[in-house]
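So that you can tell them apart, the chains are marked A, B, C, D, E and F in the order they are listed, and the count of residues begins at 1 in each.
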Amino acid sequence: MWQWLVRLYHRLGSPKWFYEITEKWIPWLALVSLVGGVAGLILGLAYAPADYQQGNSFRIIYIHVPAAILAQSAFMMMAVAGAVFLIWRMKMAAWVAKTIAPIGASFCLIALLTGAIWGKPTWGTWWVWDARLTSMLLLLFLYFGVMALHQAMETEDSGHKASAILALVGLVNIPIIKYSVDWWNTLHQPATLKLTEKPSMDIDMLIPLLIMIVTTYTFFALLVILRTRNEILLHERKRSWVKKILES
Amino acid sequence: MQFDSFAEFIAMGRHGFYVWLAYGLSALIIMYNLLAPLLRRRQIIREQAQRLRRERNRSSQVENNDAPSA
Amino acid sequence: MTAATGSHTIDLQARQLCCERDDRVLFDNLGLQLKNGELLQLAGPNGAGKTTLLRLLAGLNRDYQGELLWQGRALTAVYSEYAAQRLYMGHLAALKKTLTPIENLRWLTAAWAVGEDDLWRALDEVQLYGYEETPCMQLSAGQQRRVGLARLALAERGVGPCPLWILDEPFTALDKAGVAWLEGRLQQHVESQGAVVITSHHALENIASLRRLELGALI
Amino acid sequence: MTAATGSHTIDLQARQLCCERDDRVLFDNLGLQLKNGELLQLAGPNGAGKTTLLRLLAGLNRDYQGELLWQGRALTAVYSEYAAQRLYMGHLAALKKTLTPIENLRWLTAAWAVGEDDLWRALDEVQLYGYEETPCMQLSAGQQRRVGLARLALAERGVGPCPLWILDEPFTALDKAGVAWLEGRLQQHVESQGAVVITSHHALENIASLRRLELGALI
Amino acid sequence: MSLVLATVKRDFLLAARNPGEWLNPLMFFLMVAALFPLAVDPDPKFLGKIAGGVIWVAALLATLLSLDALFKADVEDGSLEQWLASGESLYVMALGKALVHWCISGLPLTLMAPVLGLMLNLPADAYAALLASLLIGTPVLSLLGAVGAALTAGVRSGGLLLSLLILPLYIPILIFAASAVYHASIGMAYNGQLGFLGALLALAMCLTPFAVAAALKLNLSR
Amino acid sequence: MSLVLATVKRDFLLAARNPGEWLNPLMFFLMVAALFPLAVDPDPKFLGKIAGGVIWVAALLATLLSLDALFKADVEDGSLEQWLASGESLYVMALGKALVHWCISGLPLTLMAPVLGLMLNLPADAYAALLASLLIGTPVLSLLGAVGAALTAGVRSGGLLLSLLILPLYIPILIFAASAVYHASIGMAYNGQLGFLGALLALAMCLTPFAVAAALKLNLSR
């Protein structure tokens, strides 16, 4: 088992292996994303029953919730990749961390935008300082910080390291931020406006949601792979195997 | 199927604007995320192939220049 | 040779110049005159006041007693006219580290009518060929200095309309080839009726019309 | 002579060192060894990689391939031990402009057991007598460099426990007397079994055990 | 003039090369505005009442922070010395620098403000006044700020000294602008305030460049 | 260790030689707090309600601004290079720098806060909570801020980038501290909040120096 992990680690650390293996994965990931997306959206938009309170506006959930969940876990992945880079100096990890940042930020933005749009018909306002919303906004800022820091550093390598450090510090802080914001909000503000937290969901509503969540993760993997391959091409351009690709 | 007609589907019972705005914006962001790496890939390949060609040319020139003296 | 330098008469005079810094008199009752075709080297030990005097002559420091004249008129009175005819290079290179040599040079020569090609050729001449589009922060110490010196290369091509050069330690960080190039450049400028004031600890032996002004040893 | 330098064996080795910056290979497969009593001058044109190599040897840049050994062990592994025995002076002088030379020197030598008197004497030796309590921003370019060089004067007095000196262009901005002093100081240090690595465009002729390492001409 | 134009071009180029220069003030603007509900009270009705003021304070602070770098880099790398050596008019140079500064800080702030209005629940009637006041007010901030930036350019850790010098000068703008937004939000006329801001702008355009030019020359005493 | 001590001493000396370093944050603190009544509504009752929050926001922004210079000067003049060359523990160095920073920014702010309380009509019951929360909270601000300052030390115009990086991390402190003051002002217990701030302080003391040390090493890639 350990042997196998070590081998996997070394393989993952090899840009060539990654580039070649993902060549095979891409069509499958794209297919799953496409089929899942189409199926989830058709089921969610057309077949799921309308919410008895919110009517059809609740259908935003099928993009909102997957995006929100993904945005949070992407930050974790980014920090872990950054840590791997800091500790073992694995270049691949740095590239992966670098590519996750803008994608995670995009999903964070999607969650915020769709949430805000959803808020208008449900709460009558685009934005309230609810705990969830606030911590999501702060997450977006953390993403922006990581990206801005990366591009501000003089050299690529110090950019990788700096943003990895920041991502780790942010990772420690996310639970603290979340906790404090939850606590602040439940204390300050009576629960006039809350995300609808229905304990149980209609199964017809739930299935498309699950499909969309899985699809979002697949799509995320696809995006990360595409961007990482670009980094590989750029940084390994002097290796003979890349030259072969360039010449073809 | 929850909707009787396409028009109804679009209208989403008063909430059409919000639903479609949300999905529209998301689609834009997602499309950007999908297209950006693909376009970037093409750009990288174009640039690097050019660079390679330039280097090839230069090194072959140098060899040509060197040949008589050697 | 160059139209620009030929058509101007250089006449910079200092009379009874006196400057003190923090109660130490750096120089007192100093007089000098600079004409076309001359090179004046300010020499002296560290802290003698070379940089201070150079900045006075350049009109960048007005904290002195005595008179400074350009073509017979007070330097402060004809400053903008004077400024258009002298090139000043201090310790600081006025480079933006995120910009490339070509972009920096374009800014440095904004006041001159210089074509793009001239800029590229000037960079080539100071041995920055191949580095024209590398951000300056990635250049070595000597390469960064060379970006600033490229202005002198331009002047040679007849496009730098500055007959009077005022240079503070221009040899800093240059390698042997660079030093030789700069010496040649100075010589050439002086020969074509320009004038140069320079501070340097470097011995400038090859230039005919060299004058040295030794500033007081403090130590 | 000095207790400090005599008691340490210097043994710095580089094996198959290779470093590239932005796709340009600066040096490749470079090997060198430095022992007590040796002076190694890194020479070469601007941009050859002298500063880069110097920082690798000082352990301040770890972006290289190959091996760097201090007394047979990897430099990074024994870094703090190594650091205590080598003195590094880069382009930047680590001076605070609002503090005086004596205050700056006190900080620069914090790791050594140096008495107040030694500090004053060291400043005196680099010709900063009378400027000990002038804020550094009021010093001339050469005088500021001298504050940093005062550390070398201290080492001479047997209190600077650094047998290995790593200096980047230490002659910058020095006048003739300063250059002479520094050359003498280097000579003396090497004679008393210290070792020096230096980058300089200056020709160091007077030192017996001088070795030059010419880094590649790029141009 | 050629140097001024070249400098304006170069400054835009620098901003493009280093997007942080104009993105960071924007982010800061967003964040200061976001701090308030967190520190004070997130109740939408309450926020709506203070929104105009908070947005203006945030805009002011964001501008203030971005000013620090306005001349400092130029002093440190010797560009300023070259301006002075060029003998060109420092008056025009000051105007050019302030213009660039406004384009990369004031203008984006103005465009971003409606988003903050949404987040702070600004009453719908007040958006026009908010935009108008920012559009007229932020150039004044840039112009006045340039004076402070020039005065402190030679000073290390000048960032705070700058705030100290400039904040008092910013206060009239803040008062009038915030009051314009507030009046708009309760449905009253606000032309008076805008007129005053416009007058300030005209005044600042004429006078501040002199002060900037004089202040820049100070950096040359050495 | 000797270098760390020497550096701490030197930093205090620098602050004494250049009083702006610690006076400016203080002035800024005063002024931000003074801007609010101008921009919002000078009614004392209303002010009393928001006073705690406003004071904390002002303290936070003042700290943020003073952080910019924390390592930047050391990077630029080569002091950082000398630390690294010395081979001494950067962890201790980071702690030392944060300590000095707190002494010349957080501590004076804390001592100044009651004056602001008076100006903003803070309820009498809340002063103890304000002081306690500042005393525990500002060191955390300095420690976390040191991480940001170290990360941006090599970056030109890092001042704003720093804010962007650090503000989200400051939010928990702001929330708990402001809520402590608010609770005190309406006569409720606030030990919980202070306890949380204390826990954050302990955590920050242990962890942030690692991040600072790692970040400082980045500046040596060249």
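In this section, a contact is a pair of C-beta atoms (placed from the backbone, for glycine too) under 8 Å apart; a residue touches a chain by one contact, two chains touch by 3 or more.
The chain list, named the UniProt way, goes like this: A = Heme exporter protein C; B = Heme exporter protein D; C, D = Cytochrome c biogenesis heme-transporting ATPase CcmA; E, F = Heme exporter protein B.
Predicted model, so just to flag it, every value in this text is computed and none were measured.
Chains making contact with chain D as well as with chain E (Heme exporter protein B): C, F. Greatest centre-to-centre distance from chain A (Heme exporter protein C) is found for C, with centres as Cα means. By number of C-beta pairs in contact, C-E leads when A-E and C-E are compared. With centres taken as mean Cα positions, chain F (Heme exporter protein B) sits 38 Å from chain D. Centre-to-centre, using mean CA coordinates, chain A (Heme exporter protein C) is 19 Å away from chain B (Heme exporter protein D).
With centres defined as mean CA coordinates, chain F (Heme exporter protein B) is found 44 Å away from chain B (Heme exporter protein D). Averaging C-alpha coordinates per chain places the centre of chain E (Heme exporter protein B) 25 Å away from that of chain F (Heme exporter protein B). For chain A (Heme exporter protein C), the set of residues touching two or more other chains reads 141, 144, 148, 152, 154, 157, 184, 188. Within chain E (Heme exporter protein B), residues 18, 20, 24, 27, 31, 38, 41, 73, 156 each touch two or more of the remaining chains. Shared contact sites, meaning residues of chain C that touch two or more other chains, fall at 91, 97-98.
Contact residues of chain A (Heme exporter protein C) toward chain B (Heme exporter protein D) in the complex are 45-50, 55-57, 59-60, 63-64, 67, 102-103, 106, 109-110, 113-114, 117-118, 120-121, 219, 223, 226-227, 229-230, 233-234, 237, 242-243, 245-247. Those residues of chain E (Heme exporter protein B) lying in contact with chain A (Heme exporter protein C) across their complex are 18-20, 23-24, 27, 30-31, 34, 37-38, 41-44, 47, 118-119, 121.
Across the interface of their complex, chain D is touched by residues 2-3, 5-7, 10, 13-14, 17-18, 73, 76-79, 81-82, 84-88, 220-222 of chain F (Heme exporter protein B). Of all residues in chain F (Heme exporter protein B), only 144, 147, 151-152, 154-155, 158, 161, 164-165, 167-169, 171-172, 175-176, 179, 196, 200, 207-208, 211, 214-215, 218-219, 221-222 touch chain A (Heme exporter protein C) in the complex they form.
Interface residues of chain A (Heme exporter protein C) facing chain E (Heme exporter protein B) in the complex, by the touch rule stated above, are 116, 125-130, 134, 137, 141, 144, 148, 151-152, 184-185, 188-189.
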